[in-house]
Amino acid sequence: MKLKHILTSQQFTVPVIMELFERTRFMKQIVARGGTSDYSNKILTNLFYKPSTRTRFSFESAIFRLGGKVLSTEQANEFSSEIKGEMLEDTIRITGNYCDAIVIRSHEEGGAKRAAEVSSVPIINAGDGSGGQHPTQALLDLYTIYDECKTLDGLSVAIIGALDQGRTARSLAYLLSKFDRIKIYFIAPDELQIKPDILAHLDEKGIAYELSNSTDKIINKVDVAYQTRIDNERIYDQKIDLNQYNIDAEVLKKMKQNSIIMHPLPRSVEISHEIDSDPRAAYFRQAENGLYVRMALLTMLFDK
Amino acid sequence: MKLKHILTSQQFTVPVIMELFERTRFMKQIVARGGTSDYSNKILTNLFYKPSTRTRFSFESAIFRLGGKVLSTEQANEFSSEIKGEMLEDTIRITGNYCDAIVIRSHEEGGAKRAAEVSSVPIINAGDGSGGQHPTQALLDLYTIYDECKTLDGLSVAIIGALDQGRTARSLAYLLSKFDRIKIYFIAPDELQIKPDILAHLDEKGIAYELSNSTDKIINKVDVAYQTRIDNERIYDQKIDLNQYNIDAEVLKKMKQNSIIMHPLPRSVEISHEIDSDPRAAYFRQAENGLYVRMALLTMLFDK
Amino acid sequence: MKLKHILTSQQFTVPVIMELFERTRFMKQIVARGGTSDYSNKILTNLFYKPSTRTRFSFESAIFRLGGKVLSTEQANEFSSEIKGEMLEDTIRITGNYCDAIVIRSHEEGGAKRAAEVSSVPIINAGDGSGGQHPTQALLDLYTIYDECKTLDGLSVAIIGALDQGRTARSLAYLLSKFDRIKIYFIAPDELQIKPDILAHLDEKGIAYELSNSTDKIINKVDVAYQTRIDNERIYDQKIDLNQYNIDAEVLKKMKQNSIIMHPLPRSVEISHEIDSDPRAAYFRQAENGLYVRMALLTMLFDK
């Protein structure tokens, strides 16, 4: 299946997701064999309006393992420095001459969509605005669950953290809703709970969910604990003990033997380093999957 | 024809320009076929003393499409940060060990020439000082006229903008003077007109020209309208209506059907977005040509 | 011989050094032939916590001449910008997914060692902290002496500069102590002389040395004058004439015909440009050797 652009998590149907996961597994084999040169004539541009070394490296490694090359800037606003307000559209039209696909991390919500409207090459949204989309992260999260649990149907998933502004949490909930017999636990202080629009979407899709302000009572039930950051400046002056949302050796003891712990990284105190060597700690494998998923997505953009 | 360095527009004779254009056309075919690996052992260094993502990307894409690799810095002054005043000459001698050609964007007029004097590898001047040279831009401008109009002889060319400090305007006038039966219209507010040295050069070469402070009376006569920026801070407090130099749908109506509009980009208000889809709007094709011209120039430096 | 990591000068035994030098000579031939594609599936990451364009270019060119690719950041602290204090260990674990070896320039002494403890790929220390190690520089210095003098045994070496904090001076003395009948002259103002720990090490190894505060009386005896920077802010208010430590045409006259002058570069006034064309001025050849030594080291990390 050929993709034209990668703009939102929502654009991915179950069949496309399944093809992506098939290709992702194949990419893991490719990397183990030292990569391929099949895409050696492809140039990928990273057009980042704010730095994100982690995401940049992941995309650059992906195109390198496919044999291709990379143009990168983490200061794309420099494009318009000479002239106040070069339009994003002009930048995209010009950059499209130099490459075969553009990864854009925009500071404006909807930036990637605007780029796609004028671009002569595929656009990949790598984050647009704080409330926006970052679909490749959402897809690697979903792939990791699939790869670790060998299914997406029938899983119990806890999503923990400052969920009201959590882009990855929101996208994951959205993607999970495409699968069957899912149960989602949203675990956050009441002030930081997931926004009603996501719950309305889950209701519409008939997905079971539960809200809780405590990890404690839930964690023993789940197949997946998707941890995100919670050390939230907005509530520091309140009296919530954020430590109760952390995962450490004590919390781990309560978890199922075949469950997994995920985190989009970077982590702060919310996952204790003492559990890193437990086989349930899946977050470094999750980061590694980012490479394979991005390689697979690139092939779906490049292949005829 | 083998080039040693690319330092000035003036160094290009008509036969060299014609070979360059021949190669440029061939490079366009190469890119359409996905590039070549003929220069896969070549490393190009971008040694930029001030950022210019647009120019950097253009050179990086050019060497990539030829199969080669790239070393880049947009903070070349960091080379001398440890030690106050490492000489440019030392930086060039050291960098020459690491690559096969150096693109230099210097902050000092004459920087590229100084670099060439000590360099063990070819030097390409990508702008030195505000009044200096940027020959690859001038050559891609000239190529675009040639490619669009199918000739350089007998053309009427309007050059519009703040021409007194316009590096691209000056270089283009200089290069056009090498061809026959050219007529150049310099259109600018009197305060910003082209400097007398260029006019003296045109007189010497017997090239017809006219100065004007109005686009209106000229635009219907020209084959090429080369627009540059005019929103010039130096005259904001004066009473000149700079809008009369802009090109919009109204101005376009007066232009010949087979004329073209060019701009070195980035543009501000001086070209209205409403005319982008008109076939006469050649500025994005011009930017694209930058890739092919730079590829062709690199082959003329690398080939024996 | 396969290397696991490159962390300190001390880890290199004489047999490993000799294999390295053998490979380095071979790499020089490889580069003269335009490089190799034998390592085209290798990705090297430059993880620099502070910029060093010179060192970055040297490593990037090395992996390019071997056929490989590069991920680079000179702002690796950006990795932990979102979250205050992402541990170096997490950054290394994640980055290891994207590449085959990591060059780290850390701001913390011991940073490279900590990285090596958790890394899934080889770590190369490119400088950790001001008093720390930079073993690839030390090895290219040693190689240059070997390549120029055709031996390391029986040499007289003057090491000149602000030696108390001179990382390269200290490492070179350390490496020279592995060879026979070496005589080292440490030439520095008394206030900036080499620290006693190095002298204790030389005593233990039975290496002859002499301390002096004057270049003048020593320079005629040496095979190698290893010059470093001396324009030391710490003593500017004192009455020492630092010029007497510089090497210029007058000093050169006193030196042996087959001696050499080295400098890790960048230089300030301590080596006069007037001697650059003298065949004894070896510092640009030394910089060139940096490429070959780093290529050779990479092959020793990558080869089975």
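The chains carry the letters A, B and C, assigned in the order they are written, with residues numbered from 1 in each.
Assume a residue touches a chain if its C-beta (ideal position, glycine included) is under 8 Å from a C-beta of that chain, and two chains touch if they have at least 3 such contacts.
Predicted model only: the values in this text are computed from it and were never measured.
Trainee: Regarding the chain A and chain C pair, does the interface count as same (over half of residue numbers shared) or different (under half shared)?
Mentor: different
Trainee: Quote the value, from 0 to 180 degrees and to the nearest 5, of the angle by which the CA atoms of chain A must be rotated to coincide with those of chain B.
Mentor: 120
Trainee: Indicate the whole-number Å distance between the mean C-alpha point of chain A and the mean C-alpha point of chain C.
Mentor: The computed centroid separation for chain A versus chain C comes out at 41 Å.
Trainee: At which residue positions does chain C touch at least two other chains?
Mentor: Touching at least two other chains: none.
Trainee: Flag every residue of chain B that touches chain A in the complex, lowest number first.
Mentor: 34-35, 37, 51-54, 57-58, 60-61, 64-65, 229, 265-268, 273, 284, 287-288, 290-291
Trainee: Which bits of chain B are touching chain C when the two form their complex?
Mentor: 40-41, 43, 45, 69, 71, 73, 75-76, 78-87, 89-90, 93-95, 97-99
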